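What follows are several structures.
Both complexes shown next keep chain A, but they swap its partner, so chain B is in the first and chain C is in the second.
Here is the complex of A and B:
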């Protein structure tokens, strides 16, 4: 209910029907929204980056889980995966910046070890064109989350026993991973991975600290419209927020349908 | 007609009785109350001045509890706009630290209480005739905000690394080309103040852009500005493909040696940054020969302040000679005063004269001839959008 109330209010704002700077019904904000291309650019950039982050995190987490036979979230080693999850996004972004910027910690170490001739020779991965800083920071946190998730599935679905069974009928390790372990884990965790993807897609602090002014992550672009100098940009921010929310609702709807079908076929 | 138009007529909800009451009554009403002040808290020296000087003095002199919360600019404007839309008669904020851009926005939505400034006894010492104080972003303050400090945009450099800092746009272009990757423009308020200063310089002086926003003039001179910046863009930090989004980041990169120049909206800031150990002792500040923008910062009372008398007493104290004197000391804050010193008693005039001079910043009298007046707020809005369009995305 609060979501729909908020959405309704945002829609009214976008049509100039609410908000203290409104002057009555207008389509001008939507016209700017559709003609500027700003939303599409930001959304596409955020979406592609989210896919890259998820892909890398899933691969790394699967490798860790398979290599350590799911024992990663027990004993002392579990802290390795729980600690990254306790780091707020703002702090994680700030740490990446402090460690990797051209005059940051690693650059200074490299310089003092004569590995680089000047600070500017250190690879630049903060506020960079390829968004490497954003990817590294998100992958660091997402890998911890997905590894714990996969390890849980590994145990609950008795994947180890299934692997032994597959071995007894002649499957080798590679075939077991390709045909048993990975498909089961990915099928069972697909909704969680997608939800985490939405979480990354909507993230604000990390792209704010480590990204560029253009293209901007969708949440940064919307927040900028809300918070910067021109009050006339606020209805435009509502246009962006409304469309983004509808896209997310559509994804969630698709997920719940898919989940329902999956359980019916199970 | 807006569906929510009914919610828009709520800006006069706070009793304006206090505007007609004697000052003694206001002081009596303020006694024993709490005033909630929202301000930017990004500078430890400013925070220390507020906590160690202002808060205890207000308590001892007026029995007022000043509570300071962090918040600034647009986020506060949004809060007040929400209050106005919700028809909220008593908000959470009494007093706000604002600059021209926030003043412009709050006046647009009738978010400020007033006119209250002339009610304050210490207003008689304020230099309202000074165009850098009585007018904020080309808009008369009209008693809706009380002047607190006055500053001028300055450029900071390390004298050990830069022997001859660039003084105009031509020498800056040469400097940037000779030192690739060592110069950039912050894409935030201070950076926009720099862009406005350059726009005025390219236009031939602040009188050329005085008054209301002029689209024709903006088009003409902003084209010159974008051409200039694009001519040095390949030599900027990260080849001008991105720009720092905060001044703190600029300062950090300057302190690390990643940049050779940084900027400050406060011409005296270099002194306290050196004293804090953030900048090297060899740091110095100066202004461009074409001039840099000088402006004032103010305190405003929200339209729905629950404690108007308390907020007025705080404003009056902040404008007092003793509070202004303390604030002006370089080791405390180094903020310029808004007082007309000739209106003060000889004793106070002497005290202001005896303030230890700045060590690393230029003297106020030296940079005053290069002070440019703020231009209409629409110039900043357009520069913010067009910098992105014509420089970053180009």
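Here is the complex of A and C:
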């Protein structure tokens, strides 16, 4: 209910029917919204980065899970995979900045190895055009999460036994991974991967600390519009919030329709 | 091949532990100028400052703890009870879809949309407002967590208690809660962590006046106070590390 109340107010504000500067019904904010292209740029940028992060994390997690399954599932080393999950996004962003900025730790390592002659030679990885800092930080956390998730499926779906069965009928290691292990893991974890993708798309702290000025990650772009001193920007921010909310509702509704969100209990 | 695999595993473990070690080094460094690889000098000065009167970190820690504990203690029992009703409802599919929305939306966008009502109620900039705002996210999260718990078996136990003459309170306290101990503990841990990690929503509804640890970290980063930012970050990481360890132990025992 609070969500719909918030969405209702956002809609009223975007049509000039509520808020400090409301002067009666107007479509002017929506006109600016559709003609400025700001939302599309931010959303597309966030969406592409989310896909890149998910793709890299899924590939790395699959490699770790297939190669080191026993280390992920059992023993003391299994606890290590939980460390990135204990790091809040804000701290993760701060860490990446301290490690990768031109005077950060890795720049110092590059200098001591004579790979660079000063901090200015070190490549821009934080607040950079390609958003490498955001990708590194998210991939670090997402890989830990997905590795634990995949390892759980590996165990629960008895994939090891299936692999032995496949070997006994003549499949080699490569075929087992391509036709048995990877399809089962990806099919079982598709809803969780999609939901995690939405979390990345909605993330705020990491792009706030490591992102570029333009285009901005969607949450940062909307929040900045709300916090600006220009009152004319607020209805525009509500337009962006409304459209973003409807996109998320659509994705969740689609997943729900395909029974990917919730399974009936036996 | 085995050596390469072992080496890669060692590198992987190194990468997982390195952030904590690096943060410790940052927090206790006194001077660490470029291009030095390790700090030139260490000091406990920043750490001891936490305990000084009027310390912002200590204040942030107390606020974060208070908010996380209240949010957890309210959200988990309430969601435990409500999720049972949701699971029994014929429209549960749509109710669950609604429960997914608050925590899949960006908390900061959600906070922006709700801010008007918080201003209207005079709740923005107050701890109570932040607690209420976080409950709006943590409560539906717990509904999702509990919903798969209400399976045929547990419902049968509940029906059996009613058949044997037990009232609703007895059903909850003598049957359902003992049967749900593990999932309840996981819910308590995870709710605490969501609240403990929260920044965007707290910053928006708290308008910078509710000083939590995540807000402190952000302020220290903006002030370029690296030592204090690292120390606050360490304090922010320690309880989740302990809880995740405990959570994992519980899950292992369950399996």
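Quick note on the criterion: the second predicted complex is superposed on the first by the 254 of 266 C-alpha atoms of A that agree within 3 Å, B and C clash if a C-alpha of one lies under 4 Å from a C-alpha of the other, contacts with A are read in each partner's own complex, and residues count from 1 in each chain.
Convention: contacts are C-beta pairs under 8 Å (C-beta built on N, C-alpha and C of every residue); 3 or more make two chains touch, one makes a residue touch a chain.
These numbers were taken from a predicted model, which means no experiment stands behind them.
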Exercise. Can A:231 be said to touch chain B (first), chain C (second), both, or neither?
Worked result: first
Problem set entry | Partner chain in contact with A:214 - chain B first, chain C second, else both or neither | first
Exercise. First (chain B), second (chain C), both or neither: which does A:5 touch?
Worked result: second
Exercise. What is the contact status of A:129 with respect to chain B (first) and chain C (second): first, second, both, or neither?
Worked result: first
Problem set entry | First, second, both or neither for A:103, with chain B first and chain C second | both
For this session: Figure out whether A:22 sits in contact with chain B (first) or chain C (second), or with both, or with neither.
Result: first
Seminar exercise, completed: The answer to whether chain B or chain C touches more of chain A is C
Exercise. Once the shared chain is lined up, is A:119 touching chain B (first), chain C (second), both, or neither of them?
Worked result: both
For this session: Give one of first, second, both or neither to describe whether A:222 is in contact with chain B, with chain C, with both, or with none.
Result: second
For this session: Look at A:91 in the shared chain and tell me whether it touches chain B only, chain C only, both, or neither; answer first, second, both or neither.
Result: second
Seminar exercise, completed: chain A contact set shared between chain B and chain C covers 18, 103, 119, 226
Seminar exercise, completed: Within the complex, chain B is touched by chain A residues 12, 16-24, 101-103, 119-120, 124, 127-129, 208, 212-214, 226-231
For this session: Spell out the residues on chain C that touch chain A in their complex, using ranges where they run on.
Result: 5, 8-9, 12-13, 15-17, 19-20, 22-23, 26, 34-37, 87, 92-93, 96-98, 100-102, 104-110, 112-117, 136, 147-148, 150-152, 196-197, 199-200, 204, 214, 217-218, 221, 226, 229-230, 233, 236-237, 240-241, 243-245, 248
Exercise. Once bound in the complex, which stretches of chain B touch chain A?
Worked result: 1-4, 7-8, 73-75, 77-78, 81, 84-85, 101, 105, 108-109, 181, 187, 192, 238, 241-245, 253, 256-258, 377, 380-381, 384-385, 388, 392-393
Problem set entry | Interface residues, chain A side, partner chain C - complex | 2-3, 5-7, 9-10, 13, 18, 64, 67-68, 71, 77-91, 94-95, 97-99, 103, 105, 107-109, 111-112, 119, 140, 144, 195, 198-199, 202-205, 209, 218-219, 222-223, 226, 237-238, 241, 244-245, 248-249, 252-253, 256, 261-263, 265-266
